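Common to both upcoming complexes is subunit A, partnered first by subunit B, then by subunit C.
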Partner chain A sequence: MPTSMPDDYYRLLHDLQAVDFVLVELTLYLDTHPTDEEAVKQFNHYSSERKKLKKQIERSYGPLQQYGNSYSATDKWNWSDGPWPWQV
Partner chain B sequence: MKRMKEYTPYHSPNDPCPPIGKKYYSTPPQLYIPFQPANLPQYSPKEALAKGTLWPAFYDYYDNPYRQRGN
Partner chain C sequence: MWLYEKKLQYPVKVSTCNPMLAKFLVEQYGGADGELAAALRYLNQRYSIPDKVIGLLTDIGTEEFAHLEMIATMIYKLTKDAKPEQMKQAGLDAHYASHDSALFYHNASGVPFTTAYIAAKGDPIADLYEDIAAEEKARATYQWIIDMSDDPDLNDSLRFLREREIIHSLRFREAVEILKEERDRKVFF
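Take a look at the complex of A and B:
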């Protein structure tokens, strides 16, 4: 277990958190405005943005989620390498 | 300091306790927007995360009205 994480780790997680929040807001908005194409376009944009961000984070800091939502390292089952969510 | 609406409850002469004075209540923006229109201006993701909403029209932060006014 590393004793400290680089600043980049926190910056990327902050970006991920911001994108996730936008996706939550847009999901709730689109539930009541299904035909708002502008919002749907924005939702898809942020959704692909999140996928890229997740890939970037997981490439250097290990899986974010479990049960197939994230790839594991090929050489080792490494889901418990990084700090736990409450330790971040 | 956030502008909040207020009222003064009736204080009966038979009431042993001191009068409460002014009481404040909040009327957030969603009370005045029945159906959210499309293409409202938005915050940036980071600012939206900090402020708790994607749309400035619905921004409603808490401000303790009893602290500054001392009563």
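Take a look at the complex of A and C:
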């Protein structure tokens, strides 16, 4: 079911999508330019930025990934809680 | 192993319920040059391509699944509030009769998805040229859908996808050059 989420959720999600866009672009670029050290440096920088953002989102809105790549809430299994990406 | 992340690669908003646009968009869901065909094509080619480009095929193939989810989200949002009468007017009557509002992997003319869309020649250069052509065809399809769409929010997401096809095409062209260089280095006299 479509859900209405607070503005903060959309802002954080937008920030993560922006950082991830940089990472996708750098990944594909490095796949064909593997010796570009400056690009590798940028990649590692944004990779650590993404980790911070992921943690921040998950603290308020639950796990982004599963199979153990995100922590579950302690009181219950909250992976199955919405909203799913197409519902927001 | 693949990992799912509970977020879209790029935001998808639609301005109004518009099943007609959903009918066009399904071309990129289950059509010959759509995102499903692209994902399956690249991931399948990895097993017979030289090591130097396996990473690229893996990463582009994976990104195509993110695009597939964006297309699904567009179709879902464009049709979720549509009444049967609106589905009928949009030419989705046959779809509605068989699938209700469920998504189905077929093209804009209702032809079910087939693996015949997925080329795999086993020749690295032939396969990469196929991939470049696939990206250019997908780019053209996005352009034509944008030309027919009057939904500014939807067009923003479609423009993002169109740009991704351009980048993928560029990277595949670079992969061809990498393989040609490697091939030429292996010639001994």
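Rule of thumb we're sticking to: the second predicted complex is superposed on the first by the 84 of 88 C-alpha atoms of A that agree within 3 Å, B and C clash if a C-alpha of one lies under 4 Å from a C-alpha of the other, contacts with A are read in each partner's own complex, and residues count from 1 in each chain.
Here is the rule we use: a residue touches a chain if its C-beta (ideal position, glycine included) is under 8 Å from a C-beta of that chain, and two chains touch if they have at least 3 such contacts.
Small disclaimer: the values here were computed from a predicted structure and weren't measured.
Of the two partner chains placed by the overlay, subunit B and subunit C both lie in contact with A:25. After superposition on the shared chain, subunit A has more residues touched by C, the comparison being subunit B against subunit C. With both structures placed on the common chain, the touch criterion links A:69 to subunit C but leaves subunit B unconnected.
Touch criterion met: A:16 reaches subunit C, while subunit B stays clear of it. Once chain A of one complex is fitted onto chain A of the other, the partner contacts of A:77 are absent, as it touches neither subunit B nor subunit C. Once the two complexes are laid over each other on the shared chain, residue contacts for A:39 go to subunit B alone; subunit C is not touched.
Within subunit A, the residues touched by subunit B in the first complex and by subunit C in the second are 14, 17, 21, 25, 29, 32-33.
Considering their complex, residues 14-15, 17-19, 21-22, 25-26, 29, 32-33, 36, 38-39, 46 of subunit A touch subunit B. Those residues of subunit A whose C-beta lies close enough to touch subunit C in the complex are 2, 13-14, 16-17, 20-21, 24-25, 27-29, 31-33, 62-67, 69, 84-86. Every residue of subunit C that touches subunit A in the complex is listed here, in rising order: 3-12, 53, 55-56, 59-60, 63, 69, 72-73, 76-77, 80, 167-168, 171, 174-175, 178. On the subunit B side of its complex with subunit A, the touching residues are 35-36, 38-39, 45-46, 48-49, 53-55.
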